[in-house]
Structure formats: C-alpha cells, structure tokens
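Chains here go by letter, A, B, C and D, matching the order in which they are written, and residues are numbered from 1 within each.
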Amino acid sequence: MINETKTFEKHESEIRAYCRAVPTVFKSSSNAIMIDENDKNYIDFFAGAGVLNFGHNNPKMKEAIVEFIQRDGVIQSLDMFTDVKRDFINTFVEVILKPRGWEDRKLQFTGPTGTNAVEAALKLARKVTGRTEIVAFNRGFHGMTLGSLACTANNAFRSSSGVPLTNVIRDTFNDMNALENLRQKMFDLGSGMLPPAAFLVEPIQAEGGVRVATKEWLQGVQQLAKDVGALLILDDIQGASGRSGSYFSFDDLDLNPDIIVLAKGLGGLGTPIGMLINKAEIDSAWAPGQHTGTFRGQGLSFVAGKIGIEFFKDEKFNEETKAKASIIRETLDNLNSKYNKVVEIRQKGMMLAIEFESASIVKEITTKCFENGLIAGACSTGEIIKLIPPLTIEEETLKEGLNRFKASVEAILD
Amino acid sequence: MINETKTFEKHESEIRAYCRAVPTVFKSSSNAIMIDENDKNYIDFFAGAGVLNFGHNNPKMKEAIVEFIQRDGVIQSLDMFTDVKRDFINTFVEVILKPRGWEDRKLQFTGPTGTNAVEAALKLARKVTGRTEIVAFNRGFHGMTLGSLACTANNAFRSSSGVPLTNVIRDTFNDMNALENLRQKMFDLGSGMLPPAAFLVEPIQAEGGVRVATKEWLQGVQQLAKDVGALLILDDIQGASGRSGSYFSFDDLDLNPDIIVLAKGLGGLGTPIGMLINKAEIDSAWAPGQHTGTFRGQGLSFVAGKIGIEFFKDEKFNEETKAKASIIRETLDNLNSKYNKVVEIRQKGMMLAIEFESASIVKEITTKCFENGLIAGACSTGEIIKLIPPLTIEEETLKEGLNRFKASVEAILD
Amino acid sequence: MINETKTFEKHESEIRAYCRAVPTVFKSSSNAIMIDENDKNYIDFFAGAGVLNFGHNNPKMKEAIVEFIQRDGVIQSLDMFTDVKRDFINTFVEVILKPRGWEDRKLQFTGPTGTNAVEAALKLARKVTGRTEIVAFNRGFHGMTLGSLACTANNAFRSSSGVPLTNVIRDTFNDMNALENLRQKMFDLGSGMLPPAAFLVEPIQAEGGVRVATKEWLQGVQQLAKDVGALLILDDIQGASGRSGSYFSFDDLDLNPDIIVLAKGLGGLGTPIGMLINKAEIDSAWAPGQHTGTFRGQGLSFVAGKIGIEFFKDEKFNEETKAKASIIRETLDNLNSKYNKVVEIRQKGMMLAIEFESASIVKEITTKCFENGLIAGACSTGEIIKLIPPLTIEEETLKEGLNRFKASVEAILD
Amino acid sequence: MINETKTFEKHESEIRAYCRAVPTVFKSSSNAIMIDENDKNYIDFFAGAGVLNFGHNNPKMKEAIVEFIQRDGVIQSLDMFTDVKRDFINTFVEVILKPRGWEDRKLQFTGPTGTNAVEAALKLARKVTGRTEIVAFNRGFHGMTLGSLACTANNAFRSSSGVPLTNVIRDTFNDMNALENLRQKMFDLGSGMLPPAAFLVEPIQAEGGVRVATKEWLQGVQQLAKDVGALLILDDIQGASGRSGSYFSFDDLDLNPDIIVLAKGLGGLGTPIGMLINKAEIDSAWAPGQHTGTFRGQGLSFVAGKIGIEFFKDEKFNEETKAKASIIRETLDNLNSKYNKVVEIRQKGMMLAIEFESASIVKEITTKCFENGLIAGACSTGEIIKLIPPLTIEEETLKEGLNRFKASVEAILD
C-alpha cells in the first residue's frame, strides 16, 4: 500500500487541516528533508510549526534518547525528580539563565504544550495581583484552550469557543498611540477600566505573520505594566530557542519579563514540553499542586531538550543562524519590488513572512510549493506565508528550498 | 553526585507537588519497579497517574520506538499524514471500534493532554448544539486549562483560576434523586435553566476517588441528554485502556456516547497523546483547523500506542487484569473491617480506592509507604488513597506491593 | 374622541402587553372600579400588578397629596432630608418595625422600582460577603434589569437579555430534597460549588403563580444561609403591605431575614418607591453613594405611603383582609372539583391563583373576563390566573367580581 | 420639632449621600427656591440632579395634577391605555417628533428611571443585532443596575457591583484617534474584537462633568456604528428636555440615532418616568412583554410631562434658556483666569461645569455654598462642580445664585 490516505479520510475527524495542504503520507525525515511513501522528498520550511529548530531526527538527540530508552530511563515521571530532569534544569540554568543574570528565576514545567504553559502563566499573574484582566494584542496567538484562546486574536479560532471569551482587554500590537491611549484609560478613575493582572505579548508575533515589536513599544508596555502593578508575560513559544539568532527573541531589547513562556523548540526533537521562567518573588505565590498535569515530566524531552540548549553554549550557532537568515533575505528581497501583489516582507532571524494581497493567492502558491517539493505554510488570516526552516538546515538545502519557493511564486504571479 | 535534589529546590517552581511526597531522584524504571539513585527500588502503585497501564519501559514498545527512531521515522508531524499514524488509526479501528459497531466514528487528535482533549470536546458540543452550558458533577476531574477547569469540581484546583469559572451547571454524581430534580428543571420553562450543550461524565471518577457510576444512573444521564437535545461526553481518560478489565471503563453499561475523551494510557509508553472519538454526524460540525495545536502528531505515541491497543486483540489481557484485581481486593478487603478509620473501599478492575477518615492519616500512610518502597498517591480532597499499579505488573510484585501497603497502614493505624 | 386607541397602535412600541389583554382606554378609577371612555366599568382584580392594595385613588391618600402639592411640598429630593420623608420613616418604624423588635434595622431608599431595590440588595449581599453567587429559585420573579433578571426564572423574560445571565445558582422552590442536595454540595470541597453571597426568596411567589413556601422550607433555607455564611434576602415586593393578611407575607413563619425588599404597595397610591430593610450590621458595609439614583426621594410616595402604613396600626385591617380572603376561597373552591381542567387553587390572604391545564384556556377565560367587566391577569408561564383585588375592595364589589369571574370560567369550560 | 435629622441618622441606611452635603430638612420648594424647616431659603442649582428643568412645583403642572387627582384619574396603569397617556404621546409626537421628521418612531415606556430605560435599550440593541457587546465611554454615566452599570465608567460606582461587569468595550470619549483605532480593530479579523451591538453615548456627559462631544466625533461614532452594523443609542437622560437650549442636546449635530433614551426631566414635575424613542424597524424586534415593569404607566408623569413638552411648542423657551446660559457664562468666565486652581469651565446651554484642581477643594466650596444658601453638587470623580439650575429660574434668582456661588469660591480660593 503506497501513500494510502483513505484511512485518514474515512476515520479521522473533519477538523484535520495541515494534511489537506500537504496531502501525502510521510514515512521519514532528517534535518530539513521529509520523505513520503513514494520516496519523493520535500524540503521542510515549516518545521513542525516552529518546533524543529534542530531539524528532524537530529543525530545527537537520536543517539541520546535511544541510549536513554535502552537503559530504562524514566520516560513519564509526573513532576517527580529524575536524573535527566535535573540535567535539563542544570543545563538551562548554566547556558541560558546565568549569562543573563537570571539564575534566581524559577522553572515551572506545565502540561507539555504551549497553550497549557500560557494558561499556567495567566493563573499565576492573576494570583499574584488579585486581578482578573489580561491585556492581549491583535494578531496575537497564545493557544486554543479556553483561557489562552481568550488571549488569541484570530476571530476564526475565537469563534470556535462557543462561549464568551472574557477577562481580556484587547489592544493594538506595536502601536505607540494605542499604548498611550491605554495608559490614559488605566490611570483614569472615570474610565471604567481597572488595572490588569498582566500584559501578554509575543516579542515576535509568529503565527500573526512575523510582526516584530519595536524595542520602544515593548519597553513602553513593560513600563506601563510596572506603573499599573501588572506583570509582563512574554510568550516566546515560537520565537525562542534560537529562531531569531539569539536564544530568546527579545535578547536585544533590554527587557526584564516577569514570566517567560516556552514550549515548541524546547524539547529539541519534537516531543512536547511546556515551561515557564518565573521571577522568584512571583513564583512564590504558587502553592504546591495548584496547576497540575499528567505529562509534565517527559524524560525524552528532557534528554533531547538538554542537547538543544547546549547549542547555545557559545555564539557560533547563533552566528550561523544569522548568516542563513541573510541568505533568505537576500534571495527573497526582490520579490517585493518585482510583484505588486507582495505587500510586505518581514523578518527576524530565520523567521520570515511574505504578506500577499490575498489569502487566495497564498493558497495557490503553497499548493505549487507542495508540488515543487517544498513545505511552506500560511499563517495569520491566510494572506501571509511564513518560512521557518530548521535552524540546522544545510546551506545548500536552504538555497534549494528558496529556489523551489521562488519558482512557485513565479509560477503563480508571473 | 548521589540523589542530589538541590537543583530542584533551588531552580524549580514552588508549585512542584508529587516530588514532595516521594523526595528521591529516580534514574530508571521497568514495568512496576522504579529505582532511585541510591539503587533503592520502589513498587509503583501510581503508574504516572494512570498513564502506565503497560508498565514502565514496556519491552515491546521500547523495541518498536528505538527501531522507529533509528529509521528516522517522523516524530513531530502536526496533523499531517504519516505511516505510523495510519497504523495507529487502523489498529484502533480494528481492535477497539469494530467489535463495538463503532467503525463509523471519527478519531480526532487534539493537543496531547487530557485537558486539551476535553477542551476540544466542549467546543464541539457547544458548536453542534449552539448552546453554552455543560453539566458536570461533584468530584469530577477534567483538567486544569480554563474550559476544563470549569468542569473540574475540586475547589482547591478551581480557586487557582483567578477568574470566574462559567457556563457549567454543577450537579451530584451518581445520585438518581438529583438527576430527577435536574430533569424537572430542564423541562420547566419557569426554572431559569436552559438546556445544556452536553453532560460531561467520568464513568469512573478516578481522581475523585474511584467512584463508580451505576448503570442506572449513567443510562439516566444518557436519556436526559437525549431528551433535552444535549450530547453525552464520556471522559474515560483514566478509566480506559483496560484499567477496569475492559478497554473502556463503561463497556458493560450499554452506553452510546456522542464523544469519548481519551489520553493518558493511549500513548502506551507514557508519551503524551489526546484523542476524541466522535459520532460522525457530530464530527461533521467541525470546520478544518478550528481546534488546532502543535503536538497533535506524536510519532512515538502512535508507535507505542499501537502496541498498547494490540493488547486488547483478545480477552486474555482483560482476564489477567481481572484476576489481579481480585488479588488486590482480597488482600485489602479486611482493612475495612479491621480499622474503623477506613471508611470505604471502592474498586473497579485494577483501580482501587481506600477512603480514610482524614487527609492527615492518608499523608502519614503514604509517607510510610514511601519509606517501605511503595509509591502510592492520595487523591480527591486528600482523604483517599488510590492504588493503580500497571496492568502488566507481575503477580509476585503485586503481592509484594500489597504487603508493603498493608505494613504501612498497620504501622500508622495499629 | 371616544376610546380611541389608534395613538397607541401607531406610536407606542410593539412591546406593549397588558393593553393587548384589556384593549380599552381608561379614564378614571376609584377603589376597585376602573371606568373606560365608554363609561363601562370594570372590577379590578389585578390592582396594578399588586400595587394598589389600598385601591385606586384612596380618598385619604388623595386628600393628603393634594394638600401636599398645594403647600409646595418637596416632590423630588434625591436622598436629601424632607419633612415628609421623616414622617414616612418614623411611621414605618413605629407601626411595622417596632412591633417586630426590628427598630434597629436600617431603611434604604433605592431607585423607585422593585427591580432596582433587588439590584441594591444583591450588591449589598455581595459586598458584605465578598462572594458573587446568589441562589434563586424556579418560578421566582425579581425584575427585569440585568442583575435582577439573572435571578428571575421565567425563560421568556431571561431570553430577552441578549447576554449571559451569570452568578446565580438555580434551585427548586419549596422542595426539601433539593434543599438537602444543595446543602451537600455547599459543604463538599469536591463539588465545585462555592458558598453563595445570598439566598433570594419570595415567601410567596406571586408572579410565579401564588406558590406559598412552607415554614419548614423557608426555615431550612434560612438555616442553610446561616450555616454557609450567606445572607437571607426576602423579596416581599408583591407579598407585603398586607396582601396576605399581615403586613409581611412571612409574619407567621418566624424568620429573621438579613434584607427585606419592598416596593409596589409601599407607595400607597401607585406612585413608585423602592426600599430595603437591612440589618444594621449588614447595612454598615455600604459607603455613602455606592448605589445611587435620581428618583429615590419621592414626596408623593412618602405622603401616600405613610397613610398606607397606618392601616396596620391595629389588626382590624388584617382581619378584614382575611375575611375577604375567605369569601374568595369559598366562592371559587368548587371550581377545582367541578372542572378537571382546573389543576389547582392556591391562596394566601387576598392573593389567589387558579392553575389551569394550559395557557390557551387561560387566554380564553381572561378575554371573557374583560368582556364581562373584570380585569384578571395571567401569570407565570401563562397557565395560571392570579386574582389580587385591592384589599380595600367593598364586600359587594368583591362578590360581584367573583360572580363575573365564575361566569367567565363557566362560559369557557362548561 | 425644627429641622430634626435624628430620624435619618438613626433609621436610614449608611448609603445616604446627598443629604450629607446639604444636612438640613427641606419642607417646601418653588421653582428654584428650596426652604428648610428653619425657613432658611436655598437657591437650587442642582435641580434634583437635572430632573427639575421646569422648577419645583411648576404652577401649571401643579394645577393639572391636582385636577387629575381630584377627578380620579388613573394614577397607576401598568402599560394599559389611559386618556392621559394618549395625550402625552400625542403631544410628544406633535411637538417633538414631527418637527424632526421622526413621527414614525415608536415610544417605549420602560420602568420609570433612567437606568431601567438604558437596560431596555441594551436589550433591544442586542436582540436586533444578535450581538452582545456594547461600546461605552470613559466618564459616561448610564445608571446603577447591573446592565447599565457595566456601561457606566466611574470605578467607584462599578466597584459596588460585586460581580464582573461584562459585555462592554470601553473606549475614550470625544477622541478621534481612539475612534480610528477602534475602527481598525473592528474591521481586522485578527484583532479579537467582534462587532458590537451598539454604541451607547451621551452627547453631553453630564454626570461626567459636562463634557460636550464634538459634532465630528459623534458623526464618526454614528458612521462607525453604521459600518459595523451596530446601533447608535444616544443617552440624553440629563441632556434633553431643553437643558442645552434645544429639546434634545444633539439637535444641532445632524444625528439620526437608532434609540434615544429619556427619563429625568420628561416627567415635568419630578415624578419618575423612563422612555425610549426607537426607530420603527428596530422596535419591531420586540415581542409583547419582553421587558416589563410595574410602574410604566404613571398618570402623574403623563399629566405634568405633557405640560413640560408644551414648553417647546415654539422657540421662545429655548431662547430664554440660551439667554440665561449666557448670563451664567459671563458671570463665571473670569474664575478661570483669576484662579489657577480652576482647571477648565465647560458649558452647553444651562449645564455648566467648573473643573477644579482636586476633589478636596470642591468639597470645601460646596460646603461653603450650602452655608451661603446655594445648593451645588460635585460630579464625576469629585473634582468638578456642575451647575444645573431649573431652566425656568427667574433672572434675578439666577444672578443671586451666581453671586452666592462666586462668594463661596472666593471664600475658599482667595
């Protein structure tokens, strides 16, 4: 049976989505290459929605987890202590926290998905402040469970809740005027707006279309949060793990977030994990067990994730990311001048978005990409293609992928 | 460094909980045995909160996933098609759905945790009915994200939300009078109560203390749901995967749920997974991508989970479970008559709860269990010990574990 | 222009309701008689929905308010002090509060309608307890503004809100089993139900169809409220002012409510007023001006209302009410045995309801009543006729009205 | 007993407010003069919080209602037809609606207070649009019942609700930038903001401190409402009835509101009334009885209110108002230049606000006013004095009142 998809059509829910854009059955994958049952290869510019920063089946990680399994390591441990969890924590503290002077911060392992980590962050912020409201921004994406979904902006996702999405103040991302207006409301006893528990912000809105917040605006948000006694929560789920050319996507912005939310790339090999980095004085508001979950102790994610963190021991990996980012930008930059249906190109590190005139053009282009052996995904409300190859992609594969992408755009727009 | 826990105390969040009850560092585990860094062994009667039905590091599963990793199988695939996902689905359809006449039902892979699967089920029920309210029951546990948490009963968990938990009608589990009263309200135009979108029920409340719903009551709930045009959602997250001596915990109750929620044991080896089984006419209400998530395509869970499902190809495994369940019951039954501080013993299959007079006694006993080399956990509001060893536990390990348990109880209560 | 209704049909909102059942233009009224522009007289068994306990244009009250107007008394005073407000308060304290040992309670004048008074009571209960939930009962009616409407039971009214009606726990009126079940939930940490701020109860559900709570149940509600630290709020808006044969409808039930809500009959002549009677220790939670409103100081209502209160200086008025109540009951009692379409007759004092098999029968009967010169209104979900003549109705007018009613019933059911 | 206030202190709720600022017992009042029990006279620049546009005990109105009472007119009629209600409607149609081309609009009598009328308007808007959210503005005041309170801005009032105030989008009054930002959010599918049911606006924010919206901004609000399919609701409760020198406060702004909310001055003599003016196509969404209430048919308010409306038969009354408004402005204008603690003076017609540096200064000044025989009230968050004498005030009384006011200001600020 070669590339048989009937099983899915017959037995899987109508809700399935990505597989409709790439309708083939994959059987193996390695770094930036996926291979389907017909042995056709695809260059992966989607990377599991930003999870696979270190590529599919990263060899070091494979080796480590196979060894771990073969020695009967503890795969599922709730939040009990294990050797590999300790190694993971120690490595994260040494490589990531200490260089930033954040070694006093506390790591909280939540349910192993981004949305669960966001929900935990919201609870903590509300608990610490005794307040209910969260400020969230247009084009923001924070997950699909009810608490996170209330913070997610996209109306197509929101409408699926079936109940009111409450306790969120919606504002405009990266807009200094809107921020100033919000400040006025928050300090006006006659505005009807109470001070919020937290501002929840993505330094780079990835799913929102690679919208990169300015330093000025983020600093303004941080200052307003401080002034009204609210927390600053940075959702760096897709932006972190080196994607922007530094471990965190906001390393160059001189920010001091109260809570950082991580997931996706943190597990290294694509197995789930969710983690908060909390300031100690905030973390102490938790009582034991207040936000619990079965899958918080994932041995495989600790083992492979530790190797992922070690990529950042020196600046070499970040430098390589920046170099590849330049290749991408140089290759695609002229699309903007060549086609008036290309509205804008936005990039930070190896995350690049091309905004087209309409969602229908995007659909044609991504379909053509698939034919040409490239996996590229739409985001936001459909009018944007986001390119996020593995950071470890070989230079020549990257160039080949970019060629396939350009050929696909040309096929549609020329 | 032997059994060093300072890393956790220094760097991990105050919220950590289970590790406070079993304060040692585990390094390996096999079937029902966990071994710490001092080489002390523990018999595991908690099984990762009901995940490890097939034991730690089940040999067949280990072999399969090592082979999968070594051949560069697709570990993270969003909801794209992969060979191993197809195998998982086909096996589930053949082994579980077909014998029940349910081969037309649709499998929906949600974010890989129970709470995410519950959130998806709630969305679907609200979408299908155009209604908002969910009926949920006392002692019920459905997860910690905001939508699920609104259905979870325990006030200690609920209080952490920081915002109102809305759109849930709370009622009493397994109480025919309460059900009749609810029926009256729902058909009374002057009651102020609108028909709900769904009834969300655990056939066995596991976390709630192994409270086993009667067939009469569950049939009554199903009938009321039907009469008011609501869905019946069975949360079998902890009860399924053979725990009760049959694949589903409600196989003997002649029920026809609209949605079944699975997670925990479904992944086989303790890697995360979440899945709904939806009636086709209900599933068709979904539009593509309405409830999405990064980690819905977990290759390792498909590979190991498939092997888990195959345990149910014939009745042998279920018979063994029932036999072991009898051993547990026979060994512990006399505790009830011997100690008046033992309030009640409740059991279905290999899930057994002993309700004590107070949470403080339970704490003493579980601490003693840990000393004696047994991992046993409290549940509900702390006054109950729940014993859920791996189903695959060897008979002699089971007996040894029961001896350790009895010795611990005697040490405290004698 | 005789009895011209075109103005209303052309210029008044579609929402108009009572006028559709009695489609004539009234020009004057005196005690229990209303006269339309064709000089047809109607006996009024509806009394302005229970406002006109002392009849239309009560002569003593007329005289007093004309004198008040002619001496330029203060008609509108917000909550400033006026002579007539002082007289009203002093009279209420002397005649109503002192005999009950309640002279320490505080009178709070709210916006001049029942719903506004209920809203104020809810705020106070929530403020005192720091809790949010109110327990309210099926068939209860507490008003149409959003806070009150959330407590009102009738789904036809509720559905007009257009937004979720929240923070109310709905339970079953006058049902000891339901009350016991509620008690269990409230003391179970694993029920998901938090202790409420208050129980809001009508001792007699008037709009709900003259459902008279038993002493046992109300005492049970009072005890449960006390046990969970909640307030008992008695909504006696339609039941008080002598309607049941005593000033309060619950005078014979040995209750000690924390807040009593009054409106309707309190103003004497049909001008609006709303008032709470708060226990002093509860009232002290208010800060000045926290629930405000323009029309809290209604001079006309104070002047006429004071005369209304004076009716209760001795027991004579109550005795007369009871005697008339007996006449009503004796006259109508046989309807129940005579017609199987009469489901039940319920009465306390001069409030009597006849429940018929369906709302359509009721509509036919009330239409016939109108033809026969009797104003009688449906209530609850339409299947009930409620008879509430002025308490001051002359005995012969009462008998004539009852004859007209019986004739109307006979015309439809015979 | 002369000017005895002990009754109030002993028996009235702690919530009393205005009487704390004017601690004397009033016994009579005529046009703009109130007289206390010590025969001291006060010039009333507060006019019952904007109710008494035609003065205390307006002689024409007194005469008419005494005649009405003496002929046994129908004082309380629910929403039944009466002769005086018909006269009121016909007069309102002729004098107010026809000249504006609005004779097709429908009049809806709600519960007799502003807050009840606002609640009805919100229900209607939500019903017509099937949407839930209302846009309301900082410094707005719309009432104290839960639905209206959610639209009211002042946090001191909001905090008394005890429950979340939901389904309202808060924005900035009279701010074109904020309006433009709101427009962007409402047309952005990725903003997380759904189109609202209505915009609720006061053309002049009275309680908010006489903030007068510009024509440009109100037209912008109207256009945005139209563009997103929302209703425009103008709350003219305090602004209408001639206060600004025209019947409606927005007559000069070329607006076409879907719903106008009236109360306060509409009843003429200070007896309560509440009314909506609905576009016919909107009004038709109501089903009979969906928003009901006991006190919707107030005969006294119809009789006196009709006379109030007749003041607007020609422009003479409005011209007089404007002339008096000029006197006020001329007299007070120099306060602004003289005292730097006077921040701003704002006026439209006979509603004028003086914003001072702080609420404590205002308290001193209003206390001094009371000593000097002037009733003047603070508004907004306390830092503003609002002057709203009866429109019918004699010129010399007005001047005397202004002198008393200036003397009071000078006494404090000089």
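Note that a residue touches a chain if its C-beta (ideal position, glycine included) is under 8 Å from a C-beta of that chain, and two chains touch if they have at least 3 such contacts.
Note that the coordinates shown come from a computational prediction; the quantities given were computed from them, not determined experimentally.
The fewest steps needed to get from subunit A to subunit D, moving only between touching chains, is 1.
With centres computed as the average of Cα coordinates, no chain lies farther from subunit A than C. Note: centroid distance subunit A to subunit B, computed from Cα atoms, is 29 Å. Centroids built from CA atoms put subunit C at 51 Å from subunit B. Note on chain placement: the centre of subunit A and the centre of subunit C lie 59 Å apart, centres being C-alpha means. Residue positions 132, 156, 164, 166-167 of subunit C each touch two or more of the other chains. Contact residues on subunit C toward subunit B in their complex (touch as defined above): 132, 136, 138-140, 152-156, 158, 164-168, 170, 172, 175, 177-178, 181, 184-185, 188-194, 208, 380-381. Interface residues of subunit A facing subunit B in the complex, by the touch rule stated above, are 4-5, 7-8, 11-20, 22-30, 34, 37, 48-52, 56-57, 62, 65-66, 69-83, 85-86, 89-90, 93, 106-109, 111-116, 119, 122-123, 125-127, 132, 143-148, 150, 156-157, 160-164, 166-167, 197, 263-264, 269-272, 276, 278, 283-284, 286-295, 298, 300.
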